[in-house]
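The following pair of complexes shares a single chain, subunit A, combined with subunit B in the former and subunit C in the latter.
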Partner chain A sequence: MRSDWEVVIGLETHAQLNTVSKIFSGASTAFGAAPNEQACGVDIALPGVLPVLNQGAVARAIRFGLAIGAEIAPRSVFARKNYFYPDLPKGYQISQYELPVVVGGTLTIQVGEGDKAYSKTVQLTRAHLEEDAGKSLHEDFQGQSGIDLNRAGTPLLEIVTEPDMRSSAEAVAYAKALHSLVQWIDICDGNMQEGSFRCDANVSVRKKGAEKLGTRREIKNLNSFRFMQQAIDYEVQWQIEQLEDGHAIQQATVLFDPDTGETRSMRSKEDAHDYRYFPDPDLLPLAISAEWIDRVKSEMPELPEEKRRRYRSEYSMVAQDALALTSSLGMSRYFENTLAALREIPGIPYGTQAPDVANAKHVQNWVINNIASSLNKEQLEIEDSKVSSAQLAGLLARVFDNTISSNAAKKVFDALWNGEGNDADSIIETQGLKQVTDASAIEPIIDEVIAANAKNVEEYRAGKEKAFNALVGQVMKASKGKASPAQVNELLKKKLDA
Partner chain B sequence: MSLSLEEVGRIARLARIELTPQDAEATQAKLSGIFGLIEQMQAVDTTGIAPMSHPQDLVQRLRTDEVTETNQREAFQAVAPEAERGLYLVPKVIE
Partner chain C sequence: MTVQTLKSLADALAQKKVSSRELASQYLDRIKAINPAINAFITVDRDGALAAADLADKAIAAGNAAALTGVPIAHKDIFCTEGVLTTCGSKMLSNFVSPYDAHVVSQLKVAGTVSLGKTNLDEFAMGSTSESSFYGAVKNPWKLDRVPGGSSGGSAAAVAAGMVPAATGTDTGGSIRQPAGLCGITGIKPTYGVVSRYGMIAYASSLDQGGPMAHTAEDCALLLNHMAGFDARDSTSLERPVEDYTADLNKPLQGLRIGLPKEYFGDGLAEDVRTAIEGALAELRKLGATTVEVSLPNTHLAIPAYYVIAPAEASSNLSRFDGVRYGHRAAQYKDLAEMYSKSRAEGFGGEVKRRILVGAYVLSHGYYDAYYIKAQQLRCLIAQDFQQALQSCDIIAGPVAPTAAWGLGQMADDPVQMYLADIYTIAVNLAGLPALSTPAGFSNEGLPVGLQLIGNYFGEARLLGAAHQLQQATDWHLRTPDIG
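On to the complex of A and B.
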């Protein structure tokens, strides 16, 4: 990309709210039912039916508003958005227009990794409640389309940002942070394959320093973070080329084709953008009392940002680690549960000061290095971890009390992960991994190693530290990992320096 | 304020209403009448009065989030013009 252009991106996200029933009817929202078995009279728009708003959907919108520090409108209004399509049997979608339920708010995102990482606060414009449409199936019928209205009436929260993002990386970082947040506060299952979380990106470019926004094109229905990145990058390139060739950008809605990696304009429907919104006479204004907001607030979990701040101050954690442990609510729970379980195990030496910091450090390293990487390898979520937090605590306890060496601990961890035992103690027992701390058992091994590695001994005495490490390695190997490296160090040094 | 025939045509198209040229003229007259009424109403001073979105000054009652509907697909599809394999069939809509 030429550096004299600036990219401007705003995102609109549809998060499907995880209520059990629909937003305006008592039909089920369960995924995967046979066509139209969960579409009741309201959903298929039989004449004479009336919508009744679902309290659970409103409560989730309040939760979201609180999580992003937004204003929850004491009074908001539902409006009809009029357009004709067979998967919208009423001829209008019930949405919110002038008075949405959530106004403003911010989301702080982390962009990039390592030295280039930076954080940025994205301003949100609004979030409003609306109903989803049904699905049209065009393939199976000659000259006809099949309509499945199971999804019609599913509650959605449409979350809109200001045009604050300046690269595809920022857009993806925002989408990921939002995706994590809606699951964290348990308002959306975040399942992108099933369409529970989908994004539209408004993309434009302008000359650096220009104040006026360029004409935007909207990329619809991005349902994976990878596609979002690809689609925006392609779109930006395309717009810059158009402008540099002297063409103007026409406002348009485009779709991303994952097969070609290109965006292309949808044939614009005539007057498609004239939705003729007006307040829905079937629905009275939605009132949200301060008491209701307080009640929802009291049920909110600690939010990711608060948690990160707490981890950093309570456990002296570095930013990167705090971020890793709050990548999901499940991950942070796993960390906290392991730490709590460890405290329950009697006889663990805590060290002399700030015991929890030392414990937390170990737990944090194990969760990030062993649990997270094992999950990654097998593409599992933390909830499916093959080593429970209690099992991990049991293992760490044996490292702390020197029953096993850190080498052996990795073996025990693998064994637990592979289901070779129920707890660390039984694996240590059956696999004979107990650390040998009896000097009289280790000394003969050290003697043997010294005798067999005369060259290393000579090099060490000539001042080569590396030679010493090689000897330690030999002893550890000969002890089958059961010796404590610290003790081997000490005994070996004593013998060599004698 | 009066409405042009073109504007009447556009409104009809958005509402998917077919108008003959004669209908269009009659509709133009009626709609212009409505706009006249609105103009009259707009002359009223409403300073300091909050707009209402509903004629009744009440708020929405909410329902508890629970499934209360059962599957009535058979009954609904019995009165549908066409249905097959559980789907409602309509003339092909893809462009």
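On to the complex of A and C.
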């Protein structure tokens, strides 16, 4: 990309709300039923049926609004968006148009890694409630189309940003942060394969310094972060080439083809629908009282931002680690549960107050370095971790009380991960990993090592520190790792300096 | 023929003077004999009715009778009835057997009524004459070359002709009151939200309201007791305490202040209708009521506002009739767009198409503010008019329609003239108020004239009481057409 172009991206995300029933009917929203088994009279738009708003969907919208610091509209209005399509049974979609339920708000995102990492606050325009359409199935029907209305009426929260993002990396970072947030506050299962979370990207380019936005094209239905990155990169490149070749960009809706890695136009502005929006007379305006908002607020989990702030102040955590531990609600729960379990184990040297920072430090390192990387290796979510937070706490307790060395701890961890035992203690027992702390058991080994390594002893006495380390290593090896390195250090030094 | 009221039939059933099966058979026989000339019914459910009547007789014998057990009624074919054809007077739904009962239908089933069938109407309730039905025009039993009014013309004609003692109707711009007036029976449109719209096929959702049609105000009150009430399936249904609509029937009219809107008595009101209305008002005064002139200055804006709002809602409400899942689908089409256009072109009649087009137009980009928003503003003004007028009176009275029943086909080529005939009824729907029509004498040609009584919100009982008192003092509601 030539450097004198600026990329402008705004995202519209459809998050499927995880209510048990649909937004305007009592039919189930569960995924995967046989076609049309979860479509009731309201969903198939029989003559005479009427919509009734699912309060759970509203509560979720409120939760989202609170999570992004938005205004929750005291009065919002459902409108009909009129168009004909076979998977839209009423011939209109019930949505919100002029008066959405959530107005404004921000989401802070972390972009990039390492030295180049920076954070950015994305401004949200609005979020509104609406119903999903069904699905048209064009295969398997020999020249005809099948209609599955199971998805019709599934509640969606459409979340719209301002055109604030300046690269595909920022767009993806926003989408990931939003994806994490909606799961964190438990309003959406985030399942992108099943379409529970899908994004449309409005992309335009303009000369750096230009005030006016370029003409945008909307890339529809991006259901993976990788496709989003690819689609935007391709689209940006294409738009710049068009403009540099002297062509104008026509406003259009485009689709991304993952097979070719290209975007192609679906419809231009000229054949855009006139949706003839008007307030749905079957539904009263949605009134949200301050009490309702308070009730939802009282049920809100601690939000990622708040949690990060707390981790940093309570546990003196660095930003990077706080971010890693709040990458999902599950991850932060795992961390906190491990810490809590650790405090329950008798004889832990650290208390529950200020020294807890030391506990936290260890837990944090183990969660980030061992748990996260093991999960990553096996493509598992934290909820599926093969080592539970209680098991990890049991293991760390044995490190803290010097039952095992840190080397042995890694062996115990691997054993737990591989299901070779139920808890650290039994593995330590069966694999004989207990650290030897009895000086009388270690001293003979030290004597042997000193006797067998005269050269190193000589070098140490001549002032070479390295030689000392070599001797420690020999002792550790001879003890089969059971000796405590600190104790070996101490005893060895005493003997050599005697 | 003498008038059989719902009340008298219910009493006779309770006293076991007649069985439900006998009643159903009598009425079914009369339908068979008379309906071909009137065309008030689209569907006569003989088997279903007799089966229900037998069950009712068993219940009565067992002492388990509900308030209206065994009484025959009919439903306007806009109400969904489980297992029974529900057409809305349209080719579009000429093959639609509803899998469920409308709230009103199930409530009246619970009350024990026996449905004889489904009555004819203007297609999708769009019309004031019951001529636009796919099943042919309904004839006025008082003069077969006249319209019965509409859109609930089938229900009105069926009751007037003695084919059923009472029937359900719906009223979006006068569709209960005007045919009741033109056929010489009683009909009430309740306050918007009192009767659930669930299962009532929507024409204009913010205006539609179901209500009873019968010979007497008392019968209407008895039926309304079962039709009204909160229904969680309709978000516009009002959650209020259960009300007894017969409560005010015997309340004297002494001290009742009746407002007469001067706009309802101006030019355009036929002289014989004016004379009849004044006669009825004189009776009310004799009963102790006083009359006072009031003004509804925005009356002339009601029809323009209505003909923006109602078609706008209708254009969207009728989008579901696309031939995809049920209803009429064209036999031949080459693609999806043609399937839609041919199915809808074939399935809908002229008046329905006209209103869909008008509705789509007023909602379209660039016109919405000028039409739809303006019409909603007018709607507020019209509602305020009534509140203003009701400061100086308890109820408002006037004609239901400017003339008595006019000739079949007379307005077929002039829809605007037909729209104007709803001048006295439409504003009530825009304001959401309750109003009824009660017989008020006859025109020069011997055709019935209806007196309209309009109340404030939830004033149904008071309106029914006033009509009942008038009916106790007069016999217009007991006159029957001469059709054998």
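Everything below uses one rule, namely that the second predicted complex is superposed on the first by the 473 of 498 C-alpha atoms of A that agree within 3 Å, B and C clash if a C-alpha of one lies under 4 Å from a C-alpha of the other, contacts with A are read in each partner's own complex, and residues count from 1 in each chain.
Simple rule for what comes next: a contact is a pair of C-beta atoms (placed from the backbone, for glycine too) under 8 Å apart; a residue touches a chain by one contact, two chains touch by 3 or more.
Because the structure is a prediction, the values reported are computed rather than measured.
Enquirer: After lining up the shared chain so the two structures overlap, which partner does A:34 touch, if you call subunit B first and subunit C second: first, second, both or neither?
Expert: First partner only, subunit B.
Enquirer: Tell me which partner touches more residues of subunit A in the superposed arrangement, subunit B or subunit C.
Expert: Residues of subunit A touched, subunit B against subunit C: more for B.
Enquirer: So, does A:58 touch the first partner subunit B, the second partner subunit C, both, or neither?
Expert: first
Enquirer: Contact-wise, after the overlay, does A:44 reach subunit B, subunit C, both or neither (first, second, both, neither)?
Expert: Touch status of A:44: both partners.
Enquirer: So, A:92: does it touch subunit B (first), subunit C (second), both, or neither?
Expert: After superposing on A, A:92 lies in contact with subunit C but is clear of subunit B.
Enquirer: Mind working out whether A:330 is in touch with subunit B, subunit C, both or neither, as first, second, both or neither?
Expert: Touch partners of A:330: none, neither subunit B nor subunit C.
Enquirer: Should A:285 be classified as contacting the first partner (subunit B), the second (subunit C), both, or neither?
Expert: A:285: touches subunit B, not subunit C.
Enquirer: According to the stated criteria, A:274 is in contact with first (subunit B), second (subunit C), both, or neither; which is it?
Expert: both
Enquirer: Return first, second, both or neither, reflecting whether A:485 touches subunit B, subunit C, both chains, or no partner chain.
Expert: After superposition on chain A, A:485 lies in contact with neither partner.
Enquirer: According to the stated criteria, A:80 is in contact with first (subunit B), second (subunit C), both, or neither; which is it?
Expert: second
Enquirer: Residues on subunit A in contact with subunit B in one complex and with subunit C in the other?
Expert: Residues common to the subunit A contacts of subunit C and of subunit B are 41, 44, 46, 52-53, 82, 84, 86, 147, 274, 276, 281, 283-284, listed in rising order.
Enquirer: Quick check: in the complex, which residue numbers of subunit B touch subunit A?
Expert: 10, 13-14, 16, 53-54, 56, 58-69, 71-73, 76-77, 82, 84-95
Enquirer: Touching residues of subunit A toward subunit B in the complex: what are they?
Expert: Residues in contact with subunit B: 19-21, 25-28, 34-41, 44, 46, 52-58, 75, 77, 82, 84-86, 99, 136-138, 140-141, 143-149, 267, 270-271, 274, 276, 279, 281, 283-287.
Enquirer: Report the residues of subunit A in contact with subunit C in the complex, numbered from low to high.
Expert: The contact residues of subunit A facing subunit C are 41, 44-53, 80, 82, 84, 86, 89-92, 147, 274, 276-278, 281-284.
Enquirer: Mind listing the subunit C positions that touch subunit A in their complex?
Expert: 79-80, 86, 88, 93, 96, 98-100, 102, 197-202, 204-206, 232-236, 312-313, 315-316, 318-322, 324-326, 336, 340, 360, 363-365, 368, 372
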